[in-house]
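Sending over a structure as structure tokens; questions will come in a sec.
Going by the order they are written in, the chains are A, B, C and D; count residues from 1 in each one.
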């Protein structure tokens, strides 16, 4: 039932200022769509790293697409600190709302369940909590008293963006065990999913594929983007391209180097050929 | 790493009085283990239907194994009301703690997350809530005031019991999309899982099998029980045996009929041959 | 048109309620196992070309949920379920539902199976259509013995939707949450306002004109007896045999 | 024994802390991507026959979690994670961790990647071993600029575990949550109490006798250089090449 749209049309459907949820580099970010958002000149995006952010987030920040980021970390993993994120924090041009991983999951799970808040243990004594006036500490009503616990508000992203292995004829998408993407899709108003390929049939009719499937009811649009997670790994489809990320980390240390990288990899010939 | 134990040893490991969580008839109950519990003469069990109870629960109730049941319903589906449950309610010999489906899931999810409670919308105005002094109505701290919401306590079963398709050499079990069984296993102190078969390898190394797998870390013991869900359906392995359930429903209308059914199907020759 | 089965009329009546222009849109409908008639109504809309998404909760193959049964309730919590169907062992004049049982809690006279998800779904789906074929003072009571799910809530209690209507074997009632009361919308052929009043344990409003519930159109009947029945054969073989005279070609699923 | 690499000594020291008889049992250890040395310590235990379950969070193949990344935190919330490892850009004398950055919030001087799950894991794992190779006044400070995760909490705050120890390139500290203070447990070869004190920004207790951190045994070294290295090659190829002089036989995974 779902007809794939183009990557550029998908990027155009993300409005400036949207709250955009992204999975981290170990869980199927759509780097292809991030590059398309850079090409369309998106502005004022508010990113949510679920629960941390990586390559795609650093790229969007460097290209000036991002006003705010809420995340538990931004990192390029083995390639070190995220250079454009670090530069933006130093420059004070990026609002950073620091979080901690299970709090991101909890806020999304609250949205997934349609409840206004959910409790979480830990956090008390952390400055993360001290800097989050939107988080409340309440007394556990199931204790005899004197048991403070953090209540986190539901967080409903405007758009969930991730990359899946494949979509079927019904618009269901399959991404295996990376179920945080399901939670993100459930919690968000819209889900934009890039896939390697579209295949016939219905994953939900296949007991082997159904468990790793996200039902089309949560999927707003699908776009085909071969190697759309690259340089990030995609399950057993392709591996992590450490050389590509290391090259990015080196070039993106400076504004000029980042601009050159963008010209070559996002706006340039090579980018056009790859997509 | 996990070596399967016998069905009778598994039944012996469930102590009298345990809080036992069971999935419903559309989600992989271990009927084989329920029958083994009847044979071992289990007493005083407290059943939790997740979120409803079916054939296995009626069997256990009829055999006198059950002191209490917490559930959103007990039903034989197309075969009608659950006869031994209905008789026990009439006789007043069973404590029934009525629940509503998402409340069961929510209490287990609270245990799964290690939080003492979780909120849930709805429920207000229902006599279910009125009869649950352990459920609290609180004011949503994220509203301006005057927004009552139900808080449900975490519920940690002593034992989770369900039937999966297969186990691997590492003790992981695969049951496809029936993920309430994963939640039950996560929330419970122990998980006892019957399977059709044990296969070599590690499901977690296979991107196609991993999404429907429950990690061995949650699985206390495995027992092989071929057709262990029968008469309930098992994914695409075998179908629902409507004739068997209808026969049960007919015989179990009376105490004597139920006793005859037990003698034939649980204690008798035919039961021995099938297991 | 002769030969219209009561079930066909009810399915067509439900389909019209689903599409009622004064009701919010029905983009996604969840249908429980309770009764095949609401399922037939939904399939009728689909086969007539309406782009409604159906989540059929007890279909054996192609179960729509991959998070287990909690997903239906999460979906509903998210506001993605536009319409749900509920019934009840007792339904009262304020649209309270009793699925627990009669007599003292928890149903010491006649115990019903239980409340299932009604206490949540009734409040959190955008709307609910109540359906119960038996129309008698035993079922439609002034006040239910036990409330599984409340028809209305006190002001300030968060609630997304209410009952839209109650469809029985005798008539269609419309529900008015503002005054917590039913009004008679249409009577099925052979029923009068008086026959309905006599069979109803609760008071309800009666407009000046109470039309007859319309027959299914020939096109609707053709869809019901053809493609709708095709879709329902796997899940509801007995219903299809009884109403549409069709039996499943395949062998039974057991084995 | 000559030729012992510092990383090998640290791995063996961590392994001994994991098995410390006065610590609660370590049946299930989760290891993050941060450093290969804790991973080597855990594999050392496994290869020595201890039946510990390892959840290696960033292993590419065989990721242990099938609920996404929330499963680690849920597992920990359930009390199933006996031991976790944490580090920090700054660690202070009360075992507070700073993974956010130095200077004003949120790290206007030097921004670190962020807190990850530390604010939860530190409180909810049964125990935590802190590990940071760099032992300098820059890292081991009197008071962290920003607290990602607190070393201790006020009485009454629910908390399941605390830091057991802090292992650095110079020594092993033991942490005492009752008095929120470290004591020196052992010094690595070549270090003295004074050299350690000079490199440490926070005050700590010094017992009468501070033994030298023992060498790995020949059996431990053989395990580290053989089967432990085999297990770690896929995830930490650079580490294995540098420490064990081994390079992966297979081609790199990137296509």
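Basically, a contact is a pair of C-beta atoms (placed from the backbone, for glycine too) under 8 Å apart; a residue touches a chain by one contact, two chains touch by 3 or more.
Model, not experiment: these values are computed from the prediction.
**Q** Treat touching chains as neighbours and tell me the shortest step distance from chain B to chain C.
**A** So the least number of steps between the two chains is 1.
**Q** Farthest from chain C in C-alpha centre terms, which chain would that be?
**A** Max centre-to-centre separation from chain C belongs to D.
**Q** Any chance you could check whether A-D or A-C wins on number of contacting C-beta pairs?
**A** By the number of C-beta pairs in contact, the winner is A-D.
**Q** In angstrom, rounded to a whole number, how far apart do the mean CA points of chain A and chain B lie?
**A** 36
**Q** Using Cα averages as centroids, what's the distance between chain A and chain D in whole Å?
**A** Distance between chain centres: 28 Å.
**Q** From the mean C-alpha coordinate of chain C to that of chain D, what's the distance rounded to whole Å?
**A** That gives a centre separation of 59 Å.
**Q** Taking the mean of the CA coordinates per chain, how far is chain A from chain C in Å?
**A** Result: the chain centres lie 40 Å from each other.
**Q** Which parts of chain C, given as residue numbers and ranges, touch two or more other chains?
**A** Only 61, 63, 65-67, 73, 77, 124 qualify.
**Q** Give me the residue numbers in chain B that touch at least two other chains, ranges are fine.
**A** 109, 113-115, 120-121, 147, 149, 177, 179, 182, 210-212, 236
**Q** Strictly by the criterion at the top, what is the full list of touching chain pairs?
**A** Inter-chain contacts occur between A-B, A-C, A-D, B-C, B-D.
**Q** Could you pull out which chain C residues touch chain A in their complex?
**A** Residue positions touching the partner: 28, 53, 55, 61-67, 73-80, 124.
**Q** Applying the document's contact rule, which stretches of chain D touch chain A when the two form their complex?
**A** Residues in contact with chain A: 33, 58, 60-61, 63, 65-70, 73, 77, 99-101, 105-108, 111-124, 146-150, 152-154, 156-159, 238, 252-255.
**Q** Spell out the residues on chain B that touch chain C in their complex, using ranges where they run on.
**A** Interface residues on the chain B side: 24, 26-27, 51-52, 71-75, 77-78, 81-82, 85-86, 89-90, 92, 96, 98-103, 105, 109, 120-129, 131, 146-149, 177-183, 231, 233, 236, 238-244.
**Q** Show which residues of chain A lie in contact with chain C when the two form their complex.
**A** Touch residues, chain A against chain C: 111-115, 182, 186-187, 202, 204-205, 210-215, 217.
**Q** In their complex, what parts of chain B are in touch with chain A?
**A** 106, 109, 113-121, 136, 138, 140-143, 147, 149, 151, 153, 176-177, 179, 207-212, 235-236
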